[in-house]
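These notes concern the structure reproduced below.
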Amino acid sequence: MIRIGIVGATGYTAYELIKLLLGHRDAQIVRLTSRSDHGTPIDKTHPALRNRLDVLLTDFEIDDFSQNVDCAFCCLPHAASSPVVKELADRGIRTIDFSADYRLNDLASFKRWYQAEHADEGRLGNVPYGIPELWRTQIRDSLVVANPGCFPTTSIMPLAPLLRAGLIRGDDIIVDSKTGVSGGGRTPKLAFHFPECNESISAYAVGTHRHSPEMEQITERFSGCGVSIHFVPHLVPMDRGILSTIYVNKMALNTSVNDAMASLSAFYRDEPFVRVSDVLPSTKDVSGTNFCDITVREVGSRWVIVSAIDNLIKGASGAAVQNMNVMFGLEETEGLL
Amino acid sequence: MIRIGIVGATGYTAYELIKLLLGHRDAQIVRLTSRSDHGTPIDKTHPALRNRLDVLLTDFEIDDFSQNVDCAFCCLPHAASSPVVKELADRGIRTIDFSADYRLNDLASFKRWYQAEHADEGRLGNVPYGIPELWRTQIRDSLVVANPGCFPTTSIMPLAPLLRAGLIRGDDIIVDSKTGVSGGGRTPKLAFHFPECNESISAYAVGTHRHSPEMEQITERFSGCGVSIHFVPHLVPMDRGILSTIYVNKMALNTSVNDAMASLSAFYRDEPFVRVSDVLPSTKDVSGTNFCDITVREVGSRWVIVSAIDNLIKGASGAAVQNMNVMFGLEETEGLL
Amino acid sequence: MIRIGIVGATGYTAYELIKLLLGHRDAQIVRLTSRSDHGTPIDKTHPALRNRLDVLLTDFEIDDFSQNVDCAFCCLPHAASSPVVKELADRGIRTIDFSADYRLNDLASFKRWYQAEHADEGRLGNVPYGIPELWRTQIRDSLVVANPGCFPTTSIMPLAPLLRAGLIRGDDIIVDSKTGVSGGGRTPKLAFHFPECNESISAYAVGTHRHSPEMEQITERFSGCGVSIHFVPHLVPMDRGILSTIYVNKMALNTSVNDAMASLSAFYRDEPFVRVSDVLPSTKDVSGTNFCDITVREVGSRWVIVSAIDNLIKGASGAAVQNMNVMFGLEETEGLL
Amino acid sequence: MIRIGIVGATGYTAYELIKLLLGHRDAQIVRLTSRSDHGTPIDKTHPALRNRLDVLLTDFEIDDFSQNVDCAFCCLPHAASSPVVKELADRGIRTIDFSADYRLNDLASFKRWYQAEHADEGRLGNVPYGIPELWRTQIRDSLVVANPGCFPTTSIMPLAPLLRAGLIRGDDIIVDSKTGVSGGGRTPKLAFHFPECNESISAYAVGTHRHSPEMEQITERFSGCGVSIHFVPHLVPMDRGILSTIYVNKMALNTSVNDAMASLSAFYRDEPFVRVSDVLPSTKDVSGTNFCDITVREVGSRWVIVSAIDNLIKGASGAAVQNMNVMFGLEETEGLL
């Protein structure tokens, strides 16, 4: 039984993680930490967990974790995460970090986009990006894994194989993403106040969203040259789910959309959580699951890729459990199907 | 042209009021006050008002209002409202108060339910309750009007005529109300955070909601004896609207639901904003309107009244405009149909 | 491994059932029938099942079921169900019926409320009502189980223990229920067309809903005398969930709401799927789970019970799996927690 | 007083049109036709119109219209519309057609995209496209006006001025649009069944939507050369509103997004219904209004235009009333502000 500790356990991703782990045969939640709510049972924060999990929220203490935790999930915000992850990793605790602190290639990128110091510069750039379908071996062997961003997951998963196969060009890729409101976190803000965002759709962070460099840096590892992504996220009045509509140029005039579909199908043939098919994805079809649904269509001279995930599962906590399963040599689908 | 000043102009009721007044031929908005946002144009707070209203938010000053405002709408919270209303009224400015400060019969009730001091004790109990269908003459002649509560509007409007006609009993009335989230105001709170209240319905303030005594005191004026109301409000994942399902006992065994319908129809025959009909009300049918829809059905030994309003219109700002129209001798439907 | 056949496999309850059974260790879906879609794979009807279940929709054939199915779930509409259930039961196949055909006490009641013939009169009245918390032994020993109605589940579960304990009166009980739209089934109708029911709440079937006699007949088994329930259901703009607000009169003046809570807590102490607590239930807290959450509050002279379930889980498919677990001697929570 | 007849009066666009005309000082609705519901009052179809409009639905008869109607709005589906519009126009009745029958340049395009015959070939290509901001004079002088498509309105309004000014290139324009469900009409279908489309977003008609040629043909009139638009619409779980995110290439490297904003601001300076500003548009800010909100941002090497309208107002019935106002020499904002 793997003993689990979750740092920063009161937000939505931690909550989803808890629910997934409750259905996992080999995991047992032993520590939940919260700076604000420590001392109260978790079901005070999340009444839906009554009768399901009887664990007290505590302050994070590295000695305590060192003795009692085999696998830590760190659900802290960026910049607040790396100091904790460093402590955990330095004590040899295998850690999956939900923040963006270890996702970018280098310190300069991190500082430019996050305008913060990094407490663990040595590891930055050496931590595998937590998409097992792309880096399974590295994840298996690593002490720390950088759980991927929700939007990047929807774009990297279809783009990586197509770039590697040389079927599409890396320049002028447009990623138009639509997300449910849980992506904004659990802290009340006017933008996420029900009567403000219900019955409305809007774009936000146009040209400034921090997932842009993440998408570009990660996909560049597959393209062999520069990738330029124009990314615009939108807020949709629903709880969960991300749909990304991705407009790409094909590399060669004589290829067809069937080539793209065949390439993706082959690449993900044995993957339990990727469904490449002719069906146009919808967020409802992946809601509550760890699936990433993908299709490709032809629109004029471009190919249009549509991909969908549940932002809280494959876009966060499901991916984290999948990473844990890989790291600990378990059945990769355990707790997820 | 009636010169309008709105005190506390950044919330949802003030916003609806502004939109209604923009379509009113005889009203001109000249002052909008806000303690927090003063100095900025109103369309900074509500971008939807761009190109529609070019007024700066200012601090409330009684001298300024005294010289420039004919009719004031006070949209402050309870207890914060009466000091301002007193100032306005003492200067002779006709004022419609959105708060509960003048709705209850007496100081003791106010203190018990609102646990606050009252700055204008002399007027409390002498201000007409702002349902023109029930107190048109008093409203016309009054300096101050107490705009009614949203839930009470849905129950008082059907109950008052039936109690007066002696068709129903005043004891053991059950009012089960369902409201959209805008009823909770514009300040972000966890309860109104989209991923918390979307896809969910729940009861709140069970047995403790301050609209209970308001319903009882106002309907007692029609029953001639005590009225006992069991009131439970519920939060529904929609922007606006209130539906109330009201379970009453008929007074005499030999009356039928047709008698109740006939009584209500007769009472409201000439009222432009009350629709008594066999159609089961829905909040969508009254959304964006000043209508109150009412029907009565038989369920076992009881009659069930169903009523619906738009909480922001007939439940707040529409009623306020209707009151203004009555107070200033205008066509009562101006700006509302 | 229990071999499962689902008759009428394309609606929402069958879909939820399939998803639950996919996570059940001892069940294997071997037959899915559909009159309209037979010959196509189930994931054509429900694309979300791609890669999860590879079964063809077929016509129902009793010989085929007789040889290949251990446990049948019949998800047909009322009156269409009893002929099939009779065939299955006559061949000795243990069957859980989702329709109302076996829920009422007697043929006269069935005919009055459903205005249809009954194909299996002999069994009607002799089939246990499928709430294991109330009839576990009978369910375990029965060939056929009548899966309970969604609304009745929310009222019977709190009312039964309180009636049996003599804490509340059986007359003049008011059940005001609110349901998500999936309760209306998967056939497109104007009432469930998104722009009609979104952003709206309304009452329906006021005084005529067929779950009224079901609630009364079942609770009367606990009261020892007549129970009179005034039931009004409402349609809420959300996918799933039922919240019922139940207004009861206590039997004795000197009892308090704590007595009611204590009685319910004791009655359900060892039940894994009933959570009696001070927390006001919300449908979100039970969404996707087999829980029934219950609380009791005092409002004036009455007690108000609030209960919540997921209409598709504890109100339909979760209850069905729970019944199957009881019937086949499995861990009762298997596939459900 | 302009006497109004609406052909095909039971759908959502006709319903919005009726509500707008009820607030119009110079219009009186005298005829409402419906093939399916004729003989019943309009408030049978739309209960929200009780007490507001007392008109019977009738069959369409050209002689009757000829004598009693000054302005006809034809809300029939494509191909069904042109025969009626022809009859109306041949009798000299000024007609605003909501269908696509007169929007395309030529018969060949119409036949290719709509695969239907056209009953009025002579007029096709000679009817002004009903965006008054772009063709005010032509609309004023025309017997028939082609009310624009909802999606095209959101793209043509920002693209036309920028193409004319030579600021952007006409090739490789990407229009990613998001629409509320009312855009799908009032006929119940599985795709618009609440539990199917609620809590979900999906793309549809990818590469095949009939608004693509409409966008291209209309914008080409401004570009002076070919325009190539990649258009993908998405269905969003909300009642109304369209947001379009439009990715364009600028023509010259030394222009900035400020040039685009300045150009749009100048072009629409005196227009009451177009708001060009730095604020990112949301559908909520234009909901229930005739506004088209537009902004432009820089994202990498591209400019991203975001535009928003209410699909039922500026995208249909509001535009129609605006067109009527222009055609009849009325104040253009009458009934719309």
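Labels A, B, C and D are assigned to the chains in the order they are written; within every chain, residues are numbered from 1.
Heads up, the rule we're going with is that contacts are C-beta pairs under 8 Å (C-beta built on N, C-alpha and C of every residue); 3 or more make two chains touch, one makes a residue touch a chain.
From a predicted model like this one, the values you see are computed outputs, not experimental measurements.
A.B. asks: Suppose chain centres are the mean of their C-alpha atoms. Which chain sits farthest from chain C?
C.D. replies: Farthest by centroid: D.
A.B. asks: Given the two chain pairs A-B and A-D, which is bridged by the higher number of C-beta pairs in contact?
C.D. replies: Most contacts of the two pairs: A-D.
A.B. asks: As a quick test, compute the distance in whole Å between the mean CA positions of chain B and chain D.
C.D. replies: Distance between chain centres: 37 Å.
A.B. asks: In whole angstrom, what separates the CA-based centres of chain A and chain B?
C.D. replies: 46
A.B. asks: Would you kindly tell me how far, in whole Å, the mean C-alpha position of chain D lies from that of chain A?
C.D. replies: Their C-alpha centroids are separated by 39 Å.
A.B. asks: Quick check: what residues of chain D touch more than one other chain, meaning two or more?
C.D. replies: Answer for chain D, listing residues that touch two or more other chains: 180, 196-199, 237-240, 282, 284-285.
A.B. asks: So in the complex, the part of chain D that touches chain A is made up of which residues?
C.D. replies: Touching chain A from chain D are residues 172, 174, 176, 178, 180, 196-204, 206-207, 228-232, 234, 236-241, 243, 245, 247, 280-285, 287, 297-302, 304, 306, 308.
A.B. asks: Inside the complex, what are the residues of chain B that reach chain A?
C.D. replies: Interface residues on chain B, with respect to chain A: 12, 180-182, 186, 188-190, 192-195, 197-199, 237-240.
A.B. asks: Of all residues in chain B, which touch chain D in the complex?
C.D. replies: Those residues of chain B that touch chain D are 22-23, 47-48, 50-52, 199, 272, 275, 277, 279, 282, 284-289, 291, 337.
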